[in-house]
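Submitted below is the structure of interest, expressed as structure tokens.
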Amino acid sequence: MGLDFSVIFEDNNLIALLQGLWVTVSMTFMALVLSAGLGLLIGLGRMSNKKWLSMLCSWYLAWFRGTPLLVQLMILYYGLAIGMQIDLSAATAGVLGLGMYSAAYVSEIVRGAIQSIDRGQMEAGRSLGMSHWQTMQKVILPQAVRRMLPPLCNEFIALTKNSSLLSVITVSEVMRAGNLIVSNNFRYFEIYIAIAILYFVVNYSISVGIGRLEKKLNVEGARA
Amino acid sequence: MGLDFSVIFEDNNLIALLQGLWVTVSMTFMALVLSAGLGLLIGLGRMSNKKWLSMLCSWYLAWFRGTPLLVQLMILYYGLAIGMQIDLSAATAGVLGLGMYSAAYVSEIVRGAIQSIDRGQMEAGRSLGMSHWQTMQKVILPQAVRRMLPPLCNEFIALTKNSSLLSVITVSEVMRAGNLIVSNNFRYFEIYIAIAILYFVVNYSISVGIGRLEKKLNVEGARA
Amino acid sequence: MIQVKHIHKFYGKHHVLKDVSLQVSKGEVVVIIGPSGSGKSTLLRCMNYLEQIQDGAIEIEGKPIGLIERNGEKVEMPQKQLDQIRSEVGMVFQNFNLFPHLSVLDNILMAPMTVKRTKRSDVEPLAKELLVKVGLAEKAHMYPDHLSGGQKQRVAIARALAMQPKVMLFDEPTSALDPELVGEVLAVMKQLAAEGMTMVVVTHEMGFAKEVADRVVVMDAGSLIEEGAPAKIFTAPEQQRTQAFLSKVLSHD
Amino acid sequence: MIQVKHIHKFYGKHHVLKDVSLQVSKGEVVVIIGPSGSGKSTLLRCMNYLEQIQDGAIEIEGKPIGLIERNGEKVEMPQKQLDQIRSEVGMVFQNFNLFPHLSVLDNILMAPMTVKRTKRSDVEPLAKELLVKVGLAEKAHMYPDHLSGGQKQRVAIARALAMQPKVMLFDEPTSALDPELVGEVLAVMKQLAAEGMTMVVVTHEMGFAKEVADRVVVMDAGSLIEEGAPAKIFTAPEQQRTQAFLSKVLSHD
Amino acid sequence: GCGSQPAAQPQPEASATAKQEAPATAAPTDEVLKKIKDTKTLVVGTDATFQPFEFKNSNNEFDGFDIDLIHAVAKELGADKVEFVDTEFKGLIPGLQGKKFDMIASAMYITDERKKTIDFSDPYFPGGLSIMVKKDNNAIAGVDDLKGKKVAVQIGTKSAKFLKEKYPDVQLVEVEKNVEMFLELDSGRVDAVVTGLPAAKVYAKQNDKVKILDKTLTQEEYGYGIRKENAGLIEAVNEALKKVNANGQYKDTVLKWFGND
């Protein structure tokens, strides 16, 4: 079909794409931090022996994992504004929405990894007089983190791509920037492939980064 | 904002949504089967000691996990038709596209689980005269499957939602059916919440199903 | 020092400890023996409240551990208080349970720094002293995975000692070790006993029991069936079941 | 039966087996002893080609295992052929390595059904016979996790025997067991030896060695330093290092 | 030339806005008007993927007929600055309701269904549906030839509704974005595309493999979307439209974007 990629370097297209990419990367990054923190809490909460807490976390998981991000974003950004006059900025709603959504997935990863750590580790910590939470923090989690890395990598890569849904709440991330260019010059394939490559670069960096971390942790504390 | 859910039962809205849901569920299911099979192969391939094979599988992973599904679908459906006169039906392209995309994620899950099985199992199999592949198939995989289940559950739920991107290649899945209704009556929130509930039901069933399977496997063969 | 008073322990419907009572005095070394599944580990773990008991009471230096009476009902004591008492009871496990992500030194420093909030520089001298004591001074910066089983167990002992416990509980500390490595761990334990540490030891090492124990306690099917000086238990046990058990353990060598 | 000819094995730069040679005749029971890290397990694993060797040759009944000569170069033999020879060599591991997802019976049936493509109904009688032999006839339908260590190891032995191997390799088959369970596994092994099975056993059970071994081989630091009848090795070892090792192992009981 | 209406005048309904025009100096009661007075800014929601009405030009700026016209209208409202919020078409109405912007200017047709949720200004431009086919296709000369043919339309647009109601024999292929309609035609999956005439023209200009049939199918009207509660704003916008029309700016803008045809 005769692709001509020079179109990407014409006008301000590349700049527009890179601006979009920057929005994507920065929003994703903030959402990722939120998702990791919140996901950890939800995952721990699900394992709590306080019934109400573990119930609450199970509901969180079921709702935020079970329903489409698009709907969650619409409710958060438009629904709250229309129904309750809570007017979040698009950036706030985007980071919150993405982060809460992804946290549900992360919580399952956290739970899986923690439950795979030998029970003896918790007992050893407790028998030394450390509290449950101290042991969790200083003994279990540092070991569990290593096992979380491969699925977390999956999840964070999915997160960068889910961020393209932010365009429905007025955030001009890279996919939106691409669609704007396409509607100007109708060069679908060149632009979409360029977008794919930009995502690829970001995601490949994530997987290389996490891969390194994995190796590093493997060397430091050997297999647990 | 005064929601009035009776709109869902007006006209043929509910029927339209359920038809869309059926498309979503059936396409997702076929993609899921493809994704599980292909993901298994790619995951095993990545661990092969044939250099070329493991390289090939790494590339597959990097591309299909690293770039947006939207772009992959566009290339598969429109790109092949325009550029190479390969005219896939929307359903074929949809299942193929979704399945190949998800297979990348599944392959990492498979690899992680297999590598977590005790090396002694492979050695025991080999020392009994079973080949590498026989041992993989009869000893390692049945045990690894149990560990794959929680992240696979995450992945399959994500898959049902990614299927909403099929609307860009003219597949009328449930999200698209909802958008159609919305564009007709502008009752965003009622319709989107209805869609969220439909997804919720499907995804909750998936997680209950996988949860059961997990328990069943735990009881049968205890912890490995 | 330790008072176990008529405790009962169930796993579901399985009655694992049946009205067990045991006194351990300060400085005493008590060895618990008995067939597999008789409840030795469970008894030891109850002393640390790693397992909940359903009836009876356990006191460490006169203070109850785990369950306390409040308004006539038995309730679990506050976490803080429990952690406090637990930190006075050291425990050594069959599988060591060292923290694999920490160096030997950090394994030892972890609990004092976390529980007592002592500064690293304040505990390090003690930790190093303990490493010298267990003969591993030069391994301080290695990771557990690079140690032999015997070395691991000696680190585990040093780790427990770093909390300066009043009593040490050992659950088959040598049974996961290659026979040639058993000696080094027993040597450390003998030294501890000689220094006057109160110890409760579950073990199959009859040699150790004969030499070090002040008292040997025999368990079978969840009950304490016999106790006495090692000389008496090994040469003239009263119970038939004790005899049967001893003959099995001592036979194949 | 087995001929190990001047083999060398490296892990990276670490020279683990240094010019080791060993003949085992049909029906012979050879026990390998030696300090931890001396290469006993590695030697055994090489006999099964679970580890690759860098130099030398190993033959089972005159047929090479692992490396073969082709056009003057040493190359790995085809998988099929390797699997074939391996199926004639049974191996029992320290940690049992039973398949946890299969019942005891299925553990035993797995290899014959897969490798020899025998029908289930054809192997079942043999499997049940083997279970009787190791004294576990009534455990056929239990899962490994519900067995004691001694029972697990006996299942592992039965599993290896189900391939009707010509030789059995044992790598410390009792060292992960509680002492009272050791006896039952040794009894099975003694019976096997009495029936004329060719066996190579790495063990620390000196009692077993004395009673059953035709020959004892001592390894140290990757070399075979001494071999001879058990009576000779245990009472009058030639090598200083053998003496040192024996005194350590036998001391603490 | 083609058969579309000449660039029409906006047709304010005199009866609906018969009320006395508030003097510009009086303090406005409408919330949005108050805000405009304070900040001198009008915030407008738009889906900038619809040439020639609204799109991002090669300088990455908002551009198009709607953009130019709303600038003029905003001036009349007393807003020196127009702030555009770009979002997907389906986010426009919820965004308006959620007060993420003051009004919608996004080539939106005035329809009865939409009027249930929001209000519209007076129409500011007529649009019509047109048929686009491949250049070498001579089989389709008018809407009646579409019978049994595959036709791409954008989901939820007037085109889709119109064909469904009036020509049920047509096999509709509904796509998400208007870009995909053109892709469908390009890849030979459909025989024709039905879409608004201006948008079709822009595409035809860039792609010489397609042509637009002369006859338009319907007459539609574009209006600005405004919240129901902002009746004051609607009035003011209608007034502003009249003024823009009177002072010739409207005509200039139409000429700039649609020429004389």
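For reference, chains read A, B, C, D and E in written order, and residue numbers begin at 1 within each chain.
Keep this in mind: a contact is a pair of C-beta atoms (placed from the backbone, for glycine too) under 8 Å apart; a residue touches a chain by one contact, two chains touch by 3 or more.
This one's a predicted model, so the numbers in the text were calculated from it and none came from an experiment.
S.K.: Which neighbours does subunit A have in common with subunit D?
M.R.: The common neighbours are B, C.
S.K.: Go through the assembly and pull out the chains touching subunit C as well as subunit E.
M.R.: Where subunit C and subunit E share a partner, that partner set is A.
S.K.: Which two chains have the most C-beta pairs in contact?
M.R.: A-B
S.K.: Sort the other chains by how far their Cα centres are from that of subunit A and give me the top one.
M.R.: Computed centres place D farthest from subunit A.
S.K.: From the mean C-alpha coordinate of subunit C to that of subunit D, what's the distance rounded to whole Å?
M.R.: Computed value for the inter-centroid distance: 35 Å.
S.K.: Measuring centre to centre with CA averages, how many angstrom lie between subunit B and subunit C?
M.R.: 50
S.K.: Based only on mean CA positions, could you tell me how far subunit B sits from subunit D in angstrom?
M.R.: 45
S.K.: What's the distance between the Cα centroids of subunit B and subunit E, rounded to whole Å?
M.R.: Between these chains, centre-to-centre, one finds 39 Å.
S.K.: Using the touch definition from the top, which residues of subunit A touch two or more other chains?
M.R.: If we look for residues of subunit A contacting two or more partner chains, we find 74, 78-79, 82, 188.
S.K.: Residues of subunit E touching 2+ other chains?
M.R.: In subunit E, the residues touching two or more other chains are 90, 94, 97, 177, 183.
S.K.: Any two chains that touch count here, so list every such pair.
M.R.: A-B, A-C, A-E, B-D, B-E, C-D
S.K.: Help me check something: in the complex, which residues belonging to subunit A touch subunit C?
M.R.: 118, 120-121, 123-132, 134, 138-139, 142-143, 220-224
S.K.: Which residues of subunit A touch subunit E once you look at their complex with the stated criterion?
M.R.: These residues of subunit A touch subunit E: 10-13, 15-16, 19, 74, 77-82, 87, 90, 167-170, 172, 176, 179-186, 188.
S.K.: Enumerate the contact residues on subunit D facing subunit B in the complex.
M.R.: Against subunit B, subunit D makes touches at 48, 50, 79-80, 83-84, 86-91, 93, 95, 97-102, 110-111, 114-115, 143-146, 159-160, 163.
S.K.: Residues of subunit E touching subunit B in their complex?
M.R.: Touching subunit B from subunit E are residues 90, 93-94, 97, 113-114, 116-118, 155-157, 161, 173-177, 180, 183-184, 186-189.
S.K.: Under the touch definition given earlier, write down the residues of subunit C that touch subunit D in their complex.
M.R.: Within the complex, subunit C touches subunit D at residues 35-36, 148, 172, 175-176, 178-183, 186, 204-208, 245, 248-249, 251-253.
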